[in-house]
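Each remark here refers to the structure printed beneath this line.
Here the chain labels run A, B, C, D and E in written order, and each chain numbers its own residues starting at 1.
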């Protein structure tokens, strides 16, 4: 093909090195996960007899999965987790990016202090406030609702999101905001129509960061919404994480199932990691 | 109303849902009961938070001693002395859930766990050893197995620390400190951890490192369980709760023996530890129904259901319970042969900082790891206790 | 209605003073062109008018109201940025329609205006492209398009045609002029292109290092520059300067010695006290006729020849080392190394004192004056 | 920055919703709990105001202060490993992934971020399995490289447990610097890279001289996030080593100390007062770091609009 | 040594074909200027030469070697980007020194070269500024500076002077010419400025919509455009075109009817078969003398007058609606609405067939030909 001729030889050798590095690290990152997955398909005995081996006739077992699927109301748990996660992400991204924009764009008295105030939340372990949060939720009559989880997660996700997004907002070329202002565009609209689209990679990154701890959280579902029909997937799965008797293959199976939805969410967000979003904007 | 049972026993959810609750409902179909377990590691924190927030369930599974006592003191657990059938439990059984002066009982005892050693019969045969009766035989057997080489003599690790204390120190110790006698002496201050029985316990513990698998420092509890259940180890320092796992996992025959006393001693001592009970949320809106449930639990039906469903958890009631599992039966039979005691760090002695139980975990593990000598271990433990416990100062 | 008044506008960036007190009146509907050397503060001034830079000192008035702190949105302006500042995530169409959409214009009206602007700027085929897929000139045109569709009271153009080819530049220039006539908007326009400045401006503002040097109509500036700086800046190629010696002063006449020793009598009102001083004489290349003799003759060796087709520029080295540019016809056959003399009429000359101030010129012949 | 007066309402409107929710569900509960650090909670009794007594206990009592400083220094080590290993790897990988015309870029990125998405339960389990001396995974892997003899029960030794856990944590969280730096690198215009290449720079030099300086603010932010995250870390150690963070507290960091103190562990009852005290000391340490970042680092780092 | 050879270079961005097969030879040390309408592919071609864009088809040779796959670093080039692409985090000094530092030049040599370039470009006082603190023109100069300090074998300039004022532009242009003479580098230069193109180029390449229309010396292109496009593109203001009718053809002569009905005899070699056809007549504004009669006379109503000082452009509307630009002297007093006739010599005219191809002109008087 025509194209081939135009691939640089030096690029080729560089590509080899680059891919070698990437593959090596990918292997490091994936091998343990690969172990999780193959072991999820093994009987408990199989796991410990030959942890590295692929499931074979002797060790293959879907016990883990059947247990998970039989014992818990998986669809419902998925739905709950999904709802909580997605709603939280949407709210966090919206509110955090708005706040970050205000902090990075406007000079007003106390700007730095407000930024600091909004960052305090990442400096204290949130579990510390569990009891107060629980009391608050009880008083609001939100106990055993997904709303309670969403509210707490939003509060929990905001500080980090604001912190990160504020930093990224600084990258946007000043001229663009100014052009919009000269275009007679209001501040809200500048934010939504110009700024947000341009920091999409950062927003997507923040979305991923917000999502991971929420999806994997066990604590707040336990105290705020342990009730029937409101369990999240992680809470549902915790039944398999025993103290003395442990169905490791069930744990592995359920946890590998549970990673799929966030992986999908990740893939959705990562499509926003676009190169050169601002290219062509300014000279 | 609907009763919610809070528990850390998430392994038991099937037993509750499939056996216990249906049995209860046969008698009381109008009372709906939900068993709501949480991961054991989070249980204490969670239950405290739920009480503070007023969202705790009606029936609360009780840890022994101080954790539950504290809940009672805070007014979260209702006194249960008036429950009919409470006299089906011995005072010893109730002692773990009573105020220090014994004036009030706030949880209904459910089960105890017994320590001992589980062994792989095939391994013993292969090495040509008998079930040891004395400490000397025990170590001779372990040496022989080690020599023979096809089995790891003893399956345990110190990575999780608590096994060293619970399956090690508390398992073999009562034979040195003479069970309840020594335990009480520690509480009243007449014995110290620097005394011989304790140093000896530590010394014996330290010798275990010869028999443990390579890299035992990093071997966790499930690793050890699996080493044994996969037939790679001969002896397993056990809690009776391990039985059900081994029943389902091991494809060889296994048996059990109590911690062997020194040759020539006439009594043997075992740790028969009160482990689990059920209490009533003082603010439960369904207190009446909850009491019905608790009363039902004092009956023999529950005792037998529970002990058989969970071999290794032995009902604390005075009902005669037929246990079908042979190994469990072996364990429970020691109650007749030997003197029972509970773990010496549980009552009163873990009330301060540093916490004796935690200290024992740490130090027992270190003793096995060889990072402290038995004497140092005794000194450190005693020093910790002396810090806050007047009788030892 | 949109007149601008700048009153002692000053601007500094930290320690760097960029504007030193600009006074300017722009009447409603006027077309004002800012010219000046690179870095003299034109863009800064434009940005101040737009409200994009804080004013360090002085007042900016629009329609008589002080607007120093008014947001750009509320000033009714449209601006073409020197750096274009296109919205990189929007297509060309959306870039242009963005401002209109937010002003809640109706869809078909927006469409019509955008397509009209695209037609004028020859962007019709590129409406669906993103800025990153455009050439430099195309981007610049989008920036212009985005401003003109909005039809505001005040237009601010910062070198809007700098990256366009000659043909397109002429066309766009004409379209801007038309737009100005139709909308009667006030336009402030920065350019480095002499032709643009001369043809578009009602008024040219010549800036230099943060100051206004002279404000006037194009012809005023061309014929009556008040300073040597303006004289040298307006006109391309630039006016020639050389140092001459004042020999004698008479009523409305001054006799000078030009390099090479020739004398010339020029119609300037020079105070008697300046006799004996050296002053600057300025003559535009286009007013010098090569190979001829006249009121003011100058000669030197041709050391560079530039052929432009329509005309040829000859660069002379005078006796005193100064260089003179002479515009000869396109078919000129003069070669490097030849000695050439060139002459200008006395009325075409300019004379500046040591501070760069122009001496008043008297008896100015019509072809060298701004009067129509 | 724009003067807020030019935008009046919006500044308020932009900040209010986040600030309100955050204050109500984050700050209020935290303050309400931090308040406990000035009270004592005797068992079953009423709370009593004790001023700074609890702080005196933690910092003054030899046992408590030894524990506290032990966890602090462990935490510093934990943080140091992340700074020296996690962030450089993250930055390097992000740099490589942002090379022009790299194929499979998204696939690589997705795979590399996978560990970050796992729950610590899995991470703890799988690494214990790999590092366990009995199941042979780690040994076999080392054997492939002929390094079998190097293997040891790292998680169980006082000297190596913390470092090993730090590396496990690094493995899990490399995705964070990777994603953040990658997102920052994406914004660098291709033109700049082109210019540098024409200027004779290799891709590595482009990264070193152009890209890295331009994302330096993000690198600084990642560093402070690492600091904050590490000093709040808890899950992994708790999952692998329990709240006693053995052997002999060699893996005890401030998060586990806080947890153990606040919620209790096994027979040790939770002490909300002392727990809250530990938490507020953690907060002060982290705050000091953040203030250092905000006022000493972030202000000095010039940001370049691209 | 650095000669370039482009052999059927094609480039597409996805479905958009930008270059359609460019053939070009650039000899070592030659100064080649690319001109063409905005968006015709000049920058793209430059980027291909630099190695920044993959070639879709064809070969690029430097010094006889195909370098399609050679990295930009190894081509020994320096480039001024149309968008400047300054390193925002480096000072002006560092921006310029960057390339030299990478090449491990020694510190004092770097310093000396950078300061020299800064002096030439009048950036001396700005060396410690960051690009964000510079005006548009200053940025552009830094971009130029960054290229020239490197003294490479091949320079690529993409509209390097577009944002400079006239005076600076002339100076910089001269400096670039000097540089070219000193370094003997090969220079490829894109510009929209006619004067730059004419004065700098050894060879001008006229591009149109991704094709090369004509390559030749400036005077060749000015006097002998091969197509109507080149004729219209080279020269400012642009050549006037109008449709004329071929009445008769003789050996080397053609008689046409111009709008308004007058006949003219022009020295073109037109095939007899074209008699009766309509063709395009082209005359440059500067070759039309207002108010005179000549070989080729044309008249129309003046509808726009543009005064530039040195000259005045008069825009006539001819009888057939076509518009003609006439260059009159600066002091011209002709007003809008007057009817004006203007004349050109027959030799100054150009004639193009229906496809835009020029008819051969015979007997060309010296002032209308490129021959020196």
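The definition used in the following text is that contacts are C-beta pairs under 8 Å (C-beta built on N, C-alpha and C of every residue); 3 or more make two chains touch, one makes a residue touch a chain.
Just so you know, these numbers come straight off a predicted model, no measurement behind them.
Visitor: When you check each chain against chain B and chain C, which touch both of them?
Guide: Per touch definition, common to chain B and chain C: A, D.
Visitor: Quick check on the contact network: minimum steps from chain B to chain E?
Guide: Minimum step count, chain B to chain E: 2.
Visitor: What pair of chains is linked by the most C-beta contacts?
Guide: A-D
Visitor: Express in whole angstrom the distance between the two chain centres, defined as the mean CA positions of chain A and chain B.
Guide: 40
Visitor: Centroid from C-alpha atoms only, then distance chain D to chain E, rounded to Å. What do you get?
Guide: Once rounded, the distance between the two centres reads 59 Å.
Visitor: Using mean CA coordinates as chain centres, what's the chain A-chain D distance in Å?
Guide: Computed value for the inter-centroid distance: 16 Å.
Visitor: Got the chain D residues that touch at least 2 other chains?
Guide: Within chain D, the residues that touch at least two other chains are 3, 7, 135, 189, 191, 259, 262-263, 305-306.
Visitor: Could you check chain B for residues that touch two or more other chains and list them?
Guide: Only 41, 45, 48 qualify.
Visitor: For chain C, what residues touch not just one other chain but two or more?
Guide: 51, 71, 82-83, 133-134, 136
Visitor: Okay, in this complex, where on chain D does chain B touch?
Guide: Touching chain B from chain D are residues 43-44, 63-64, 128, 131-135, 152-158, 238, 241-244, 246-249, 259, 262-270.
Visitor: So in the complex, which bits of chain B are touching chain D?
Guide: 41, 44-45, 48, 65-67, 70, 73-75, 157-162, 213-220, 223, 227, 345-346, 350-351, 353-358, 361-362, 365-366, 369, 371, 387
Visitor: So in the complex, which bits of chain C are touching chain A?
Guide: 47, 50-52, 71-73, 76-79, 81-89, 98-99, 102-103, 130-134, 136, 139, 146, 150, 152, 156
Visitor: Spell out the part of chain C that touches chain D in their complex, as residue ranges.
Guide: 51, 54, 69-71
Visitor: Can you tell me which positions in chain D touch chain C when the two form their complex?
Guide: Checking each residue of chain D against chain C gives 3, 5-7.
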